[in-house]
């Protein structure tokens, strides 16, 4: 644990006594996600740090929980990074948005929402960024299963036929079977184990 | 203390910048008739008649090397390239004899050139010096499913070809293989794959 | 002038007369008159497209050379057959009409746009006695006819029902109306000096090397007129109506195949005729020593077209407000000053008038550019820090 | 874009892209116009989305290199550099001296390539008919020839490796680089004669799309765009990654942060890059170009298993801060791989810069941000 | 020569008929943009008629001013007010009847004037050509006062238009 992190930790503890936090490696974990905006604002304004530049927001899926990771730098003092992280449960994950403090959170929070499904509360325009509205699932979560493009579903066949494509009978029966079983055409996870 | 700076003065008369720009294009116009390519002349290469100089390191799509005859390639169908290929464009099946015993050579070796992204990973990981990056680029086809799926016969090329396109690397590899063979003959025991000899091309 | 030269000089005129004489032996008088009209008409109708085709080639070649590349050189020797290949391509292309388009007007627009472009040829003096119709109001006729060009552009842009086309059409209208004003006013000193509106007599007034461009007011008028012609035929840096990087292709976004080719043809024929008129008004038309008159005429015209191509290869495009600003705030006052200067030059002959006119023009140019704050580049300072 | 603007009688909604000559790929803007003036603008991206991050999480660490080329496909060297830094930090690999020099040379050449192309295409957006662009491409070709000579490919170089680079630079190639680089200052002078003082360019670029300092910082803008706004923040200077602290170079700063400043700062940066390359060529030591310890790992990628942990490596890419966030769980595949793409984040302020300007300006402002859709959409 | 003259005559009558048809089109077409285009065509036809009667100057001015400027402005207005251009406008409304009455009165008045005018032509002017120079001399000589007056009024109108436009922008 380098000195800057410990300094940030002590400063945060003295400045915001009711914020619970602990260090993990070289980063600070805020136990309660609700404290995020206050902590970020404190670090941004604190004369000792002046972390005015939020470089990167990303999320990660650790199977038990989702994590939102923030890399903060100071352009004024040319120091950094200070890594903040918050952990939320996988079901209905909610993290307060940092857009009011840092404009740079705008697109990055949308990206994290798009790929991980973390809802950033207070974001002015939280929509999917890369994928389209109505896309099912969050592709960077570890339990995401990709659609099998070799198998057609009934909706696909209807669309194709509407656009004048002859769909072989094989695909139609396959689609009917899938629908009867109440399943979707999902590809199996690659067989390789993560050794 | 004055800090170093570059000041861009404005033009004294409106329009001089425009005239200056016109002089630059006019100079290039005149140079295009009288100067050589590297001195400001025309730098176009007239493609079918003239070809670009291709450097030795240049890589395009993979091919397989055989030493003596196409039916005994260096490839042992180990499948490492198939596993490591980032785009999964390689498909290998090991040949089996009539008894069903594996033959340590490929029965099927297909590369989908439509998928391949010329990264050279297969060349890096191959322990048998079998797969290398070619530099043929005139391979356009009319059907991306059929014409771009290259089979074993088209992929196999003699070592002489490899020596021709990349003389330096080929010499290194040939020397290494010869040494390994000599060692193998001396020790009279199965050779281990030469790991990590030389540089990655 | 030696006889060989005068033979060459009037070769086309004599050819026509000879043909008419030949016809006169067989046909009644009225047919000869008709034939005379038909011959001139056919020559002009053929000249337009041929000039357009080879202007595209010239443009591509010159721009290519300016960009250090060859330009088209594959079809025929030096790419000379390239325009024909392009023409065949255009003819065989699918003609796409948008579903919501106003079909009739969508079809009419490219046809109508060629008409004014061809009609201007009527008053262009290609050489000595080589004006198809020496109208007494030649210059006015040219200005009137070229002002009609706005209409088909409107038709095309409106009928396409495309937002890009629509904006392109609006820009065209604004641009053409604006630039017509300084263009017309720039011609006024020429009319004042030659005391005629007929193109042929304007050329005659510039006998020998007394081209108008060699006078201060003529030079200023020529520069203004030429800038306006570039703007009138929508060529860079005034190509806003078809600004590729903003409006895809502007008013002809939804045109393809032959219709598109007609728009293109009109543009290039306009470029040619406007250069030809500029030559007639300011550069002495076909006047010039040693060479046959029509050689002089085409040389000067192609020099101006070369300049247009040169502009295209060099300049970025103006923005709408800047375009308007240049027309109304810079060119228009300058033309007014120029008219005054022309009068001054007329009444104070000799070197005094010459220098006085030049000084007034220079001062007013500097003053106007200094007053037009937004067009003046700023001084910038860039720090280099560690 | 509020519905209220759309419902006003004078406004017109226009789509720029995804198929449009000057959106630099499949970028799309929905603009609300009032006449020619922009009242509102929203960006719609994702047309080139291929979930780069998920692809990488299913590959081995060395296998990701080839995919990083495809992020910002105009300067793959820099992308390789950032990823190599992050992974080396994660696995604790050291890089030999000579390899560092080669890396810096290649990265700076890539920066020149990128800025040349950017300025060329910015002028195309301004309406110049390809001339500046082709002059830029003319010089770029020479650098791409070097890239092909060295790495094997002109654009998808895939040249960096953990602990070094793929091939050594021969004396011949160094001479070639020296020759190409020595041409550049003269070329930039010609380029500037064509452009910098051109009144039309000044009219179009000055005081257009200005970005105030505090907004630039708050919105996480990086790279030449930030420096054009007058903030001295260059990761080569602040992080001193690789061996950038050994070279003498300056950081050019603009004042107003408008399109002209962004253009000119890039021109000046190219001049600085030329200086860096010249210094690096002069100072390059002999030695190995690849850490011998990592070679077996590269020949057998499944052996490359960094200890569990995380790393964030960032570089000053020509477009801004390019960051790679890697989480390892001790397996050959990264558990989490994230790219902090400058092309995407610099777009945050697009609407602020465009509103109130003309349509033509919006295109130019977009051009001056310098996006590559491979990186924006990932 | 007779055939040629006959042909020319036929041409002139065809031109007149065409112009009239287009003029009818201006008032009967439902699409506003189409009627504007018809108006332009009518004006061009009129200009051609002027040309036939050797009034070249008038013809050129007609095209320059009416087609080049007035119609362009009309079309510009139609395109700006998009909603009008896209919708077919109803041809009849409550004012149809009063309008018809008004037109009848107008026809009566003009007809009466036409009938009462003595159409005797001075034979001296039949062959005379009015050149542009004559027109210029007349405008600058005999009619200089009305000419200048018109200029002043037009400038006043121009300034007024600018002020109106400015006001709208600021509000």
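By written order: A, B, C, D and E. Residues from 1 in each chain.
The rule we apply is simple: a residue touches a chain if its C-beta (ideal position, glycine included) is under 8 Å from a C-beta of that chain, and two chains touch if they have at least 3 such contacts.
Bear in mind the structure is a predicted one, so any value in this text is a computation, not a measurement.
Q: How short can a path of touching chains from chain B to chain C be, counted in steps?
A: 1
Q: Give me the chains shared as neighbours by chain C and chain D.
A: Under the touch definition, chain C and chain D have B as mutual neighbours.
Q: Chain with the smallest distance from its CA centroid to the overall CA centroid?
A: Answer by centroid distance: D.
Q: Relative to chain B, which chain's C-alpha centre is the most remote?
A: Centroid comparison gives E as the farthest chain from chain B.
Q: Can you tell me which chain lies farthest from chain A, using the average of the Cα atoms as each chain's centre?
A: E
Q: Provide the C-alpha centroid distance between chain A and chain E, rounded to the nearest whole angstrom.
A: 69
Q: Take the average of all CA coordinates in chain A, do the same for chain B, and state the distance between these two points in whole angstrom.
A: Here chain A and chain B have centroids separated by 38 Å.
Q: Averaged over CA atoms, how far is the centre of chain A from the centre of chain C? Could you give it in whole Å?
A: 60
Q: Express in whole angstrom the distance between the two chain centres, defined as the mean CA positions of chain C and chain E.
A: Distance between chain centres, rounded to whole Å: 28 Å.
Q: Residues touching two or more other chains, restricted to chain B: which are they?
A: In chain B, 4, 6, 8, 10-11, 14-15, 17-18, 21, 24-25, 28, 43 touch at least two other chains.
Q: For this structure, enumerate the chain pairs that meet the touch criterion.
A: Between chains, contact exists in these pairs: A-D, B-C, B-D, C-D, C-E.
Q: Using the touch definition up top, name the residues of chain C that touch chain B in the complex.
A: Checking each residue of chain C against chain B gives 62, 65-70, 310-311, 313-315, 366, 369, 375-385.
Q: Where on chain D is chain A touching in the complex?
A: Residue positions touching the partner: 45-46, 49, 51, 53-54, 57-58, 215, 217-221, 231, 233, 237-238, 309-310, 312, 314, 321, 323, 325, 327, 329, 331-333, 335-336, 338, 340, 344-345, 347-349, 377-378.
Q: Which residues of chain A touch chain D in their complex?
A: Contacts found on chain A: 25, 52-56, 58, 60-61, 69, 71, 75, 78, 81, 83, 102-104, 106-108, 111, 115, 128-132, 139-140, 144, 190, 194-195.
Q: Please give the residue numbers of chain E that touch chain C in the complex, ascending.
A: Within the complex, chain E contacts chain C at residues 1-4, 31, 33-34, 37, 40, 44, 56-57, 59-64, 67-69, 71-73, 75-76, 79-80, 85, 131-133.
Q: Can you tell me which positions in chain D touch chain B when the two form their complex?
A: So the residues of chain D in touch with chain B come to 59-60, 62-67, 69-70, 131, 135, 138, 141, 145, 148-153, 156, 158, 161, 166-168, 190, 193-202, 250, 252, 264, 268, 290, 295-296, 298-301.
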